[in-house]
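I have a structure I would like to understand better, so I am pasting it below and will then ask my questions one at a time.
Going by the order they are written in, the chains are A, B, C and D; count residues from 1 in each one.
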Amino acid sequence: MTTINLFGKTLKNPVIAASGTFGFGREYQKYMDLSALGGISSKGLTWDKRAGNSGQRIFETASGMMNSIGLQNPSVLGFIKEELPFMLGLDTYILANLGGSTTEDYVRGVAELDATAVDAIELNISCPNVKEGGMAFGIRCLDAKSIVEAVRPFTTKPLIVKLSPNAEDIKAMAYTCAQAGADGLSLVNTFNALAIDIMTRKPVFHNVTAGLSGPCIKPIALRMVRDVALTVDIPIIGLGGITCWQDVIEFIMAGSTAIQVGTANFYDPVVMKKIILGIENFMQKEGIKDLEEIRGIIR
Amino acid sequence: MTTINLFGKTLKNPVIAASGTFGFGREYQKYMDLSALGGISSKGLTWDKRAGNSGQRIFETASGMMNSIGLQNPSVLGFIKEELPFMLGLDTYILANLGGSTTEDYVRGVAELDATAVDAIELNISCPNVKEGGMAFGIRCLDAKSIVEAVRPFTTKPLIVKLSPNAEDIKAMAYTCAQAGADGLSLVNTFNALAIDIMTRKPVFHNVTAGLSGPCIKPIALRMVRDVALTVDIPIIGLGGITCWQDVIEFIMAGSTAIQVGTANFYDPVVMKKIILGIENFMQKEGIKDLEEIRGIIR
Amino acid sequence: MEAYRKVIVLENTQLTSDMYEMKVELADLPQPGQFYMLRAWAGVPYLPRPFSVCDADGKSLSFLYQKTGKGTEIMAQMRSGDHIDILGPLGKGYPLKEGNVAIIGGGVGIAPLLYLAKNLEGPVDVYLGFKQEAFFIERFKPHVRQIFISTENGSWGHKGFVTELLTDSYDAAYACGNMLMMKAVKDKIDGLLYLSLESHMACGIGACLGCVQKTAQGQLCVCKDGPVFESREVLFDDY
Amino acid sequence: MEAYRKVIVLENTQLTSDMYEMKVELADLPQPGQFYMLRAWAGVPYLPRPFSVCDADGKSLSFLYQKTGKGTEIMAQMRSGDHIDILGPLGKGYPLKEGNVAIIGGGVGIAPLLYLAKNLEGPVDVYLGFKQEAFFIERFKPHVRQIFISTENGSWGHKGFVTELLTDSYDAAYACGNMLMMKAVKDKIDGLLYLSLESHMACGIGACLGCVQKTAQGQLCVCKDGPVFESREVLFDDY
């Protein structure tokens, strides 16, 4: 039985599509039965509709990729109207991933999403804090605390805070978010990274830096998941470079309750189907009845 | 002319062998003329001779590797007696890489190395501070400050502090070390990472976590080098995942005066020879007379 | 359900110093202008790469590709009997118009145009621009009325850009090449003109939003909403 | 100056469900027990992999390898005519002793032993232990006096471990296999015994200190100071 319990609900399996790599699910319909997934996290939403960044948005690195999409999205209300009905029609756990550059935007977004049937809200705190000079909310504990505390009163849904690996101290960050009212944590988001076009002598991306994801970051992400699992008691959704079922088992052994698959969906649109099958087979062979048996066994 | 000026000395080129990946140079004699290199950083030294870690020491990851060598080395005095004469016989810039778990060990090591003919001392502050509960000196600014200030009076040689990418705030760390008396900075050391053997349900390494290096970390390392270059005015030696001359040009454009090549030496023992040639060709084609022309042009 | 398919390489031929044609065993009959994501690796590179359909006969499919980086270098080394993973056909192809038609291709941009020429009814004139080495010209001959050729160094045909030969006298026109050339074509052709755009892609299916193009209708995905767009739709402000 | 050399694969043959032999064109005549670093990739995997010399005739070199992971999977897919990068010969091989000699190999650990058997003068007895499928036995026949075989499932020869057949009646003995088997051999043989050890390697040349083995003389590098060690030197405390 690959089922897991997340905030009192049963997920068919621990495999959730990561935000920004799966759109709102539609595009992958041709490739798999979406209801077979543990869950789907929506493309990152913001209060206002965003066109995203200009210039090149994708760049490949050794076993990874950098992206500078810039949260192109139809806005929270656009999502609720245009995309959510489709997602709710699927028999899977739906996370609404929410970003923002001001506290007000986060609060408005959470309040609106609270009134919908999404299963959980995933707070992306890697967005730049426009009021405080552009450093992301997810770097320093105090900034994260202020956001989590601000939105907490506006929803009774499970509130998952998605941590940035660029945080100064990932353990302190996890502890702070839990104290501030997070019901769960997901980690990691992308690593801040740089690529330079040596011929034009310019950064590849208009924004200079961009977010690194994919297999290359897995060993660091896995370390961070263990660090956080040893620090807090709330459920952890682990991610970062997962490409196969073996990776998933590692993330669960490091302390994840569920996991997300991001960049690997681009490598193979049916990768999650294969991963779920692999987990099933592994559990059978190893006589594991419930993934809880192995969760966090790496202390 | 690939020559560069580092602390008043002329290096033939900006390519330095990274500590721990090149032994004391001897093993690579068969593969290249060591005097063609810009420089060599010695295997990490400690005051006491160390046998290093037990168990598996090497594990491969996507476009990278993890190592848990544990600073196996013949001690500072053993190095001075057995290895340094060979290194000084080469016509290249010699850095003595020094680690330690107590302030006293760092001070004693620096004092001894100061009395030798090494060209510079590279202070590795990624070692665990045994007195303060095992967190590395390189994570928090105050710890790093205390070490740099403690050793500074004991040498008139160029003192390079090698920064850890695990630092809470790499810019603040760079600024702190420069203020505390560092003549230069090298970055990055390895990323703290985890690998799990899912069949034995144990970490791959006895020490649980280990250091990640190789091409996978390059985009993050490059971003950190630019961050630091925009923060301090002292020379920067950039490294992390460099495998080809294009990577070197990127690191120079991001603000490095010199660079180091680590893991790539294991992929190809003559890789630095190829890199130097590549830099030469690039400079010729692009009409670059001095690498200073392109250093730090990515602002 | 669709997925990557493992197909056999039948032929992989070098045409010029850096141009290759790879023929794979596949019974698809895609629309001209559609593309496939190709993958012959699983690490470095990591992501698949998009390639237009250059030819198809119901039994095999051809890709014309230029060796420009790591992925295409690996492809260039493949031999018949090797396997390659392939996803597609993807995207929206060229609408097939009747009447006098012009096809304009620059360099590797001619890749989707042969299969297009084969599928068009009306009299087709082809304009092919190259840097130095011309290629694929014989392959167009049976399917077209006239061929205009230019090379930048004058080694074949007109010396200069192929757009200099182009006249605005067609019922419809189709172009593929780099953005600067497409802009030049757009400036010449007032009538119906379809452009096949390029962009850096990760997923190829509309999920990553990495490949967007500014259009009159907002940001569209080159992979899902394109790669073919009506020229009036395309906003060239980044170029 | 030495460096990785690009060599041509002459043959790549599957011997059992997971054992393969790859023959490459190379005129080296290494010492028995030496190894090469092999590399048929440039990304994932990244590092080269060590393989013992299994056979050599002055024109070609053979490697016997087991498909166990990503690197050996790529190797298993190679075909004659492909290229592979190779560094070596590396390390210290087996000292060749005279007199009655025993050779003991377990599974893929028999890789370096055929070339050793060919190079030994005295009467050679070979002990080969397998899990289920035996292989390579015919290849040993011309070069040895007697062959003892065991399989863990009893499908060929003695059922159990090959060390159960071994007697301590030789002037010298040579072993290669997993650490548990080597320990069992060491417990049986009081006289001169050489063991070929394995370790996870990065550089293969003594620079990374990744492959160390505890010995009576301290930590030694399996790649540079070994892979062959006199059994009395080896401290087995990690096993």
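As a working rule, a contact is a pair of C-beta atoms (placed from the backbone, for glycine too) under 8 Å apart; a residue touches a chain by one contact, two chains touch by 3 or more.
Just so it is clear, the structure is predicted and the values come from calculations on it, not from any experiment.
S.K.: Strictly by the touch rule at the top, which chains does chain B share as contacts with chain D?
M.R.: A, C
S.K.: Specify the chain most distant from chain C by Cα centroid.
M.R.: The chain lying farthest from chain C is D.
S.K.: I'd like to verify one number: the distance from the centre of chain A to the centre of chain B, where each centre is the average of its C-alpha atoms, in whole angstrom.
M.R.: Distance between chain centres, rounded to whole Å: 34 Å.
S.K.: CA centre of chain A versus CA centre of chain D: separation in Å?
M.R.: That pair's centroid distance is 46 Å.
S.K.: Using mean C-alpha positions as chain centres, tell me how far chain C is from chain D in Å, no decimals.
M.R.: For chain C versus chain D, the centre distance works out to 51 Å.
S.K.: Counting only residues that touch at least two other chains, what does the list for chain A look like?
M.R.: 62-64, 214-215
S.K.: If I count partner chains per residue in chain C, which residues reach a count of at least 2?
M.R.: Where chain C meets two or more other chains at a single residue, that happens at 42-45.
S.K.: Considering only which chains touch which, how would you classify the arrangement: line, ring, star, complete or other?
M.R.: complete
S.K.: Please name which positions on chain C make contact with chain A in the complex.
M.R.: Chain C residues touching chain A: 1-4, 39, 42-48, 87, 200-212, 218-219, 224, 238.
S.K.: Applying the document's contact rule, which stretches of chain B touch chain D when the two form their complex?
M.R.: Residue list for chain B touching chain D: 20-23, 27-28, 30-33, 43, 51-52, 54-60, 62-65, 67, 69, 72, 214-215, 263, 265-270.
S.K.: Enumerate the contact residues on chain B facing chain C in the complex.
M.R.: Counting only chain B, the residues touching chain C are 62-63, 215.
S.K.: Tell me, which parts of chain C touch chain D in their complex?
M.R.: For chain C paired with chain D, touching residues are 41-45, 79, 81.
S.K.: Write out the stretch or stretches of chain A touching chain B in their complex.
M.R.: 61-64, 66, 168-169, 191-196, 198, 201-203, 208-209, 212, 214-220, 222-223, 226, 241, 246, 249-250, 253-254, 282, 294, 297-298
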